[in-house]
Structures are given as structure tokens and as C-alpha cells.
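Chain naming follows the written order as A, B and C, and within any one chain the residues start at number 1.
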């Protein structure tokens, strides 16, 4: 059930960043990754999203009520440092492209573009080119991208960097809304997201070179 | 001293975009009307003129070809003057002027190239030759397109205007080359027959329709140019309004 | 997939897009040739088809380096890689959109440039037809180069260097089909069919190889 990671290990270049990381998250569960810069938070998230191949271990997602286990990436939204939006196109064009392209994963439905823009509090300016917006507004619309297509798992890498306090609160409510709908959230962050009942995984970083582990 | 400043005031007053828009509103209908009238007269004269004993009816292509070619060069000259305005006085209206003129210049150049080859096929037996006049006009066409592409590629209009102004002034060397190419090199294209030191060599029955058509084309150019400048000013205002809207949306909370 | 096609097409037409630049480059390359070889019309009409083809080839390569790099720069590539839909299909659609945005304008502009080369009507038609059939192959091959060079900071020139050798067969059969149409004894159909076969082959092979390269390059 849910998102299961077993014995994950990954390296950057020759150095092992982490070994033996396992966790499992049920519907409505959240996991917060904390740790210093360079401790491998982003790498772990990219491994879970299927963008990096792990050194060992596996990640899978099994939908509620049975069904086949599948790569977690296919059931996940990934929100990295970059917003994945084109500055030349309007916000609406961007969002409706992602809505069509991503489609809904099983078990839910995405909001329509207008509703998603309202939800992030910027309904009035969705007709503007994305490039006209401030960094904070762009980030908010990147959150709206999570809403237009349903994915049970959200993988968020430093989601609230470059946001003010109000946007922080708005984002926390989005995340708890997602959890309430039976979603799963996996986030790396320095700031508290204000989630109750979230598990925490502290990344220590630098698990040693392969030789150290062999010794 | 006081007179010069008065003149300056008048010029800069006219150059104020808002005043310019008001001026556009009042004179554009008149200009379009005059242009339409001139074209009606000019086209009638062109079609009723006698045909050349050598060239037959194809001589009438000249009534479009020659004015379009003149306008192609004049448009570039207008752009060059605007470019000086951009670089020396940093005036926004000069930016708008040469940006708006580039597509018009490209269109007039294209018309002269097309009509030229339509005429060249029956007369010379080929659509195109690489002689000095034709080649230099073709280069003018590519320069216009390059300027359009440059303007489109840059986000910031003020910066784009300054960069393209430099390019326009550098490219201006091509204009005298086009004008005198028929005299400097031995080309297939015939030499100038209207604007000459010793008076026109063209027969008056051809000259009159040509002059009317040239005036019509010139009026057409200025009408379109002013309209395009007005559109460009509006476009910039819309853009800044939209940026403003984006900023205000953040402030509400 | 339709939405991806439309988005890429929109991007290539919007401000800063590659459509206009490609055609302009094509015109400039072809216009430079008479300065080099001299304005001899007979010579020009003889080498015309080859010049137009080479110009189109170079112009088609011009915008290719941004095919995936632009997606990578703003993070869209990550999302594209994660999807359930086969990556090769996504790449195929992106190639089609890129061709429609930059290759098709070249095909449309080619008759005009053929006139400048003093080619006759049959040769003009043949050049346009062979470009229409052959230019997608350039895009599909180029996609592989673009995918390999996606992680490089300045991949632009490298993509052209990587891709040009593979486009040589396309060039050979495109030009020879055109000449076959003009000069009587040689039959037109065999080289033209080979050109079509090359396009189909690269349409199948290119996206697969590009998808593989993209998977390797994600980091």
C-alpha cells in the first residue's frame, strides 16, 4: 500500500551520498526530509521520482485498493527548483498544456485551470505571460500545476524557497488538502511546512566512499 | 536662444507619445483618404497610358515597380534618421518609428523585387540575375528581415531599439550603393531616367502616371507608418499595463 | 500529445522563436553563393539544387540544439521523463512540431530561392518535393544529437558537428533525386524512394535513440 522505498543508495560521482534508506508512506502520509546542504535530499527525491537510477534498492507505488505496483515516478508530481513553465506563453497556456500532457493518474481528477489559479490566490492574472510575473507569483503557479492533474504522490524539492509568509501558509493548506484527499507528500525543506503528523527523515550526508563501506 | 528653445519645445511636444496619438487620430483619416484618391487616379492613368512600342503592356509594371523601389530606399532613410534620434536624443518615439518602419520597408522591397522579376521574365528571359542593382536590393531585403528578427528576439524594447539603431546606421552604406549601382557597374538594369541632373529622359506620357503613383506610394507609406507607430505605442502600453497588473496582484494581500 | 505539438509550435512562432531566423539564415546562405562562384546564370542553374539543399540542411540544423535544452533549462524535461507515455513517442511529437515550426518554412521558401539560382520549373518542383520528403529526416537525426548534447552548457555547435555526418545520405539522395528529375536519362523514382525510406527509417530510429540518450543524461 502506498509509496514504499527499500534500501535506497545513491552516489554522486564516486561518493556514496546515502545508503540503506527505507520508508513507507500510506495514503495521507507525509515525509519531510531535513538536513544540511549537500546531504543528498535532492538526490533522494530525484531517485524516488525515477529521474536518477539508485545504486541499489527500489521504489514503488501501489494504489489503494489493490492494483499493480508501478514506478513511483509515474504516479508522482515532481516540483524541483525550476518551475517547468515557459515564460513566452501565458499562465493559462502553460497550465492547460500540463493538464493535457500529464493527464490524471488513477484515483482522482485534477482541477480545471481557472480553479487552480483561484486556489493559489492569483485567479485574476492567469491571462498574463508567465515571464511577466514576479518570482513568488511564478512559484505559486508552479503549485497550481500540481493541482491541474491528479497525482497521488507529490515530490517537492524546497517548495517554499522565495516565498513570503502568506504564500507559505497558502502552500501549507494545499499540502494538507492533498493529504486529506488521500495523497502522499514527500518534501525536502529547510522551513517547517506546518504539517502535523508528518514523519521526518534526517539526512546526514556523506555515507563514505565504497572502500570505506567494504572495510 | 529663445527661438531655438521654442522650436525645440514644439518638436519635443509633438514627440510626446500622448500628443502623437492625438495627432494620429485627427490626421489618419485624411491621410488614408488622400492615399486612396491618389491611388485611384494613379492606377487609372497607368492603365489608360499608351503601351511602349518595345515593351508592350508590360511597361505598366513600371508604375508599381519604380515607386516601390524608391519607397524601399526612402523607408530605410527614414529608419536611419530615426536611428540617429534613438542614439543621440534617446527619444522613445524614434525607437517606435524605426521599429514600425522595418516591416513596411520589407514589404515595399518585396513588392519591387516581385514586380521586377515579373517584368524581367518576358524582357530579359529570366526571373533573376545577380547584377549589382538587383543584388543590392536583395541585400536590403535581407537587412530589413534581419532587423525585424532582431527586434522580435529582444524582450526589452529600449535596448532592442538602441542595438538595432546601430545596425541600421551601419547598413545605411547600402543605400548609396543601390542608388548608384547602375552607374558604377555595367548592369543589365537600366540607369535612372527620372531623377537626373539633366532632367528626365522618360517620355512625359509615362512620366505623369509614374509621378502620381510615386506620390500615392509615398502617402501610403506615411499613412501606414503612422498607423504602425500608433499600434506599437498601444502595444507597449498594453504590455506595461499587464506588467502593472502582475505587480498589483501581488500587493493585494 | 496534441497539446505538446501545439505548445512547441506556438513557442517556435512566438517572440524569439526559431521559425523566422531559420528562413533568414537559409536565404543568406543561398544569397552568398553567387558572390563566391560569380553571377554566371548557367553555372548557377547547374549547381542550384545542391546549393538550395545545403542551405536548407544548415538552416534546419540551426535551431536543433534548443530542442531539449530549452526544456531542461526550465525543468520541463524532468516532468516529460517521468511520464508513463513512452519517451520515444514524446520525442517523436516534439520532432514533428520542430519540423513544422522550422523545417516547413524552409520548404515553402525554397521555390523563391530556386528562382534566384535560375533553376527551371521542373527543378524547382523537384527541389521542393525532395525537401518536403527529406527535411523531416534531418530533424529526426538532429534530435539524437540534441539529446546527447542536452547537458552541455554550449551544445549549439557541437550538435551540428555530431549530426552533419549522419545527414550526408539524406543530402546525397535528395540532391540526386532533384538532378534526376531535371536530366533526362537518370530515373527520378529510385533515389526519391530511397530518400523517403531514409526519412521513415530515421523517424523510427531517431526518437528511440534520442529517448535513450535523454534517459542517460538526466542527473
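Descriptive notes on the structure:
Quick note on the criterion: a residue touches a chain if its C-beta (ideal position, glycine included) is under 8 Å from a C-beta of that chain, and two chains touch if they have at least 3 such contacts.
Just so you know, these numbers come straight off a predicted model, no measurement behind them.
Central chain assignment: C. Criterion: smallest distance from chain C-alpha mean to the mean of all protein C-alpha atoms. Looking at B-C and A-B side by side, the one with more C-beta contacts is B-C.
Chain A and chain C have CA centres that are 37 Å apart.
The distance from the centre of chain B to the centre of chain C, with each centre set as the mean of the Cα atoms, comes to 34 Å. Note: centroid distance chain A to chain B, computed from Cα atoms, is 55 Å. Residue positions of chain A with contacts to 2 or more other chains are absent. Residues of chain B found to touch two or more other chains are 155. Within chain C, the positions touching two or more other chains are listed as 15-16. Those residues of chain B whose C-beta lies close enough to touch chain A in the complex are 155, 242-243, 245-247, 249-250, 253. Per the touch definition, chain C reaches chain A in the complex via residues 1-4, 6-7, 10-11, 14-17, 73-76, 78-79, 81-84, 218-219. Taken in their complex, chain C has these residues touching chain B: 15-16, 20-21, 24, 27-28, 31, 34, 39, 41, 44, 115-116, 118.
Across the complex, chain C is touched by residues 117, 126-131, 135, 138-139, 142, 145-146, 148-149, 152-153, 155 of chain B.
On the side of chain A, the complex with chain B involves touching residues 121-122, 124-125, 128-129, 131-134, 136-137, 166.
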